[in-house]
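Several structures are given next for inspection.
Across the two complexes that follow, chain A remains constant while its partner is chain B and subsequently chain C.
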Partner chain A sequence: MQNIAPLNWRRFPERYLLKGNYCENCKQAFFPPRAICPNCRRKGKLVSMEMPRTGKIISYTKVYVPPEGFKNEAPYYLAIIELENGARVLSQIVDSEPEKIKIGAKVKKVFRRIGEPDKYGTITYGYKFKVVE
Partner chain B sequence: MKLPLKKYLKRLGKVLRMNAGIIGYGVYIPRLRIKVSEIERVWQRNASGLAVSEKAVAASDEDSCTMAVEAARRGIEDFSINPKRINAIYIGSESHPYAVNPTASIVGDALGTTNKYFAVDMEFACKAGTAGLQVCYALKKARMIDVGLAIGTDTAQSKPNDALEFTAASGAAAFFIGDSKNEIIAEIEHTCSFTSDMPDFWRRPRAEFPEHTGRFTGEAYFKHIINAAKLLMEETGYNASDFDYAVFHQPNGKFPLKAAKILGIPSEKVKQGLLTPHIGNTYSASTLIGLASVLDVARPGQKVLAVSYGSGAGSDAFVLNITENIKNRRASRAVLEMIKEKEYIDYALYVRHRHKIKSL
Partner chain C sequence: MGVVIVGAGITKFGEHWDKAFRELIAEAGIKAIQSSGLRGEQIEAIYGGCMASGRLIGQEHIGALIADQLGLNPIPSTRCEAACASGSVALRMACLAIKSGLHSIVAVGGVEKMTELNTEGVSFALGGAGDQEIELFHGATFPSLYALLARAHMHAYGTTEEQMASVAVKNHANAMLNPNAQFHKEITIEQVMNSNYVAEPIKLLDCSPITDGAAALILCSKDKAKELGLKGVEIVASEQASDSLALTGRKSLTELRATRIAAQKAYEKAGITPSKVDFAEVHDCFTIAEILAIEDLGFFKKGEGGIASEKGKTSLKGKIPINPSGGLKAKGHPVGATGVAQAVEAYLQLMGLAEQRQIKNAKIGLTHNVGGSGATAVVTIYKRFKG
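Up next is the complex of A and B:
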């Protein structure tokens, strides 16, 4: 069993609460959080920030050939989502009628299981999105 | 600092009079449904006696923890509760994702609470959620917390072709307990429990599905539900006609109506909180989802009786008084509206989503 728990734990704020950061100098939000502001470099002033839970689909695809660990979930939808503050996130789309998954559709964050290495390891939880009316 | 006696007594009186209650709630019912007729088709059995038409099924990437987070998140949003105020999280379930490793701490982090909170996972078959409610109520009365969060959540397990498979469903309900006069929508006036060793349903360690004793579970259900309700009425001086609504644990569509009849409560007072015919038996969430549905429509001044049941066996009974605050503090979506969002699946997809295909 691969011990992925410590690695996962360091990313809980990002995966559970969509915690990214925000540069008070250039007023841009980043997700996942950046170590330095790519716009302002050393002049940037980054602060931790929870991202909005809603956004819209910028682009999407249906995955038939998934990476290892997601075989039994395929086919599933994967989308680039622009959150309300402009930050972008790549996420699975769940609980949505296929005809409603389209560019521009409004989506909301939900908390789901992402995966587990095997039946003995820790379960990875995190965000996915669903289309809302 | 020493207080003068008069001031001390005044403060003590305030503490004794102060009552805790529900300041918000949230319900999560997964989108997938399987019709009981589909399960009947597969096993060539008739389950019409259960009075359940379909049941809610958690998707393969959902479990008791994810549903608990979703239910609590809805409560936080609908009732404007700052998660930083939560000082206690008690989660009742018989399908916690881990045997060892708490669901409560995952839920706390996923909601964005501080780290200063009491937390434990609870199990008492289908009544662990209401047991959590009692603990939060007691902690609030003891002034040890600001807001307590009690959740009942289950992805109920059932062996294929067992009688349980026709009803065992998935869902979660979260209740926030506080005592702010501006926030309480339902004051908890009194609670009590009736408990005895009556093994009508159980699951041994490492067993995947629970076992049960068939009709004997009915005997245990009525014994505990009726006695808990009677004990509550004895302790409070109320009788059946004092209640505007009654919610009972609902393993099927018939038992709660029969319990009401025995207690002398008309079935019209039970129907608002009777969800099992539409979503199945959500185990630890069952009574709480029923209670949430009652709170969706209850008016100030009304009195609600809620009695849960957990095999093994015990019942928790509550008297709730609806306050004026409920006029301004309502869930954005009523439970009866929420259950309309659904997608039917057949038995093959059901076993896939519920991880019942063991050769995988």
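Up next is the complex of A and C:
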């Protein structure tokens, strides 16, 4: 079985702080961070950047049949969120009334445990989002 | 240099408790060689599509395994992997091997053995087609990724769950006429609508099944086919495009850009427009995927795929028959074999060998194979070759 601890550790800045990057040449933000700007290639200038913590729902679904590690949570909502700088993230939507989860709804980032602990007891944390009024 | 399919073989698709991975590919390969009229000794190389044998049955090193099972050692044999598009990528690599002038007779295989794991295990294996770190990590499943695409399409164009259901109903009806299909059972819109949600708005009967199966083709350079007096089906274009693994990396959620780009290039290479295509086998892993495909391939305007499906324009007798074989939905979806199986159907239709589901006067066919949620797309165009 895969030991997820090193992966988990490498991704702390992304998963805890929504850290991505930004190209100063074309002004596009990337999450997760990219090694090269696909628009500008070698003319691009990438700098590290925390993403905004608010955005809106672009699409969503309610998952009834969960994968391994998410049994306790099903059914749950997943959404594609466009953050205020245009970068997109896929995340669970939690702590929200179901009728308010719709395309265009404003959401903000919260910090949560992701999935169930694995066989070795490793607990992973990261971002989820909730609908704001 | 042109490439011609001169032989094709396929196993029955379904739950093969009595057959192993190696037996499935051997059966399809032997059928393909026999149907070509060539001898195995004439084959110079093999390209095999297989997505997830490592996770599904613990077996890697599939290229050499296929050559050995077909008794074709020591010719070079190479596995190609591009998730559910593995089969079409193998076919394309074989075309390139012939077009390069290196080989003149090449075998293509596609195979997957999926029923040896429980549903959770298979879901985990197929999850490898998505982005593990930013999609699967958050609890995404494949149905949920296509559900996100479906919701965006419904929101933008008013596509309905009933329209998606009509795709499943049509493909089950086509599969009734295909003896190799996994399902021989007609279903109704009501049955689809009443099946349980897997990931809203996708229901169980919107999903393709878990399938064992294999398919194979024998390809020959056009010159060699003429020299040997072989008839067949010419591959006039095979184009491939890529996109981000994760949906969040895409500019649009209402199209698969890789499909659109691969299709544009393929039409250009074949010198045709979409209206010249007589039938297409498209990648309907979920019903919304067929709706996206028939729009992105240019058969219908963006946003009109749902209504076209509902009105029967994609049925066997419609404006453009889509998935005459029953598609992934009802013929079955042994992931690594699917692209090759689509090409087998194109071959049978264009050779006039498709029996009860034969499309009359079919001259030009198209296949469309997608990896993951659209990170790889391959579009291939075929026409009859009379030697």
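Just so it is clear, the second predicted complex is superposed on the first by the 126 of 133 C-alpha atoms of A that agree within 3 Å, B and C clash if a C-alpha of one lies under 4 Å from a C-alpha of the other, contacts with A are read in each partner's own complex, and residues count from 1 in each chain.
As a working rule, contacts are C-beta pairs under 8 Å (C-beta built on N, C-alpha and C of every residue); 3 or more make two chains touch, one makes a residue touch a chain.
Note that this is a predicted model, so its numbers are computed, not measured.
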Fit-or-clash call for chain B and chain C when the two complexes are aligned on chain A: fit
Chain B versus chain C as contact partner of A:73, first or second or both or neither: both
Touching partner for A:103 - first (chain B), second (chain C), both, neither: second
Chain C, chain A and chain B - angle at the middle CA centre, rounded to the nearest 10 degrees: 150
Contacts of A:94 with chain B and chain C, given as first, second, both or neither: first
Which superposed partner A:32 touches (first chain B, second chain C, both, neither): second
Contact breadth on chain A, by residue count: chain C or chain B: C
First (chain B), second (chain C), both or neither touched by A:60: second
Three-chain overlay, closest Cα atoms of chain B and chain C, distance in Å: 12
Set intersection of chain A contacts, chain C complex versus chain B complex: 73, 114
Complex contacts: residues of chain A adjacent to chain C: 7, 11, 31-32, 58-70, 73, 76, 78-80, 88-92, 103, 114-115, 124, 126
Residues on chain B engaged by chain A in the complex (per definition of touch): 31, 59-63, 65-66, 69-70, 73, 97-98, 101, 106, 109-110, 112, 343, 352, 360
Chain A contact footprint on chain C (complex, rising order): 120, 123-124, 127, 133-141, 143-144, 147-149, 151-152, 155, 196-202, 246-249, 253
Complex contacts: residues of chain A adjacent to chain B: 12, 16-17, 50, 72-73, 94-95, 97, 110-114, 122-123, 125, 128
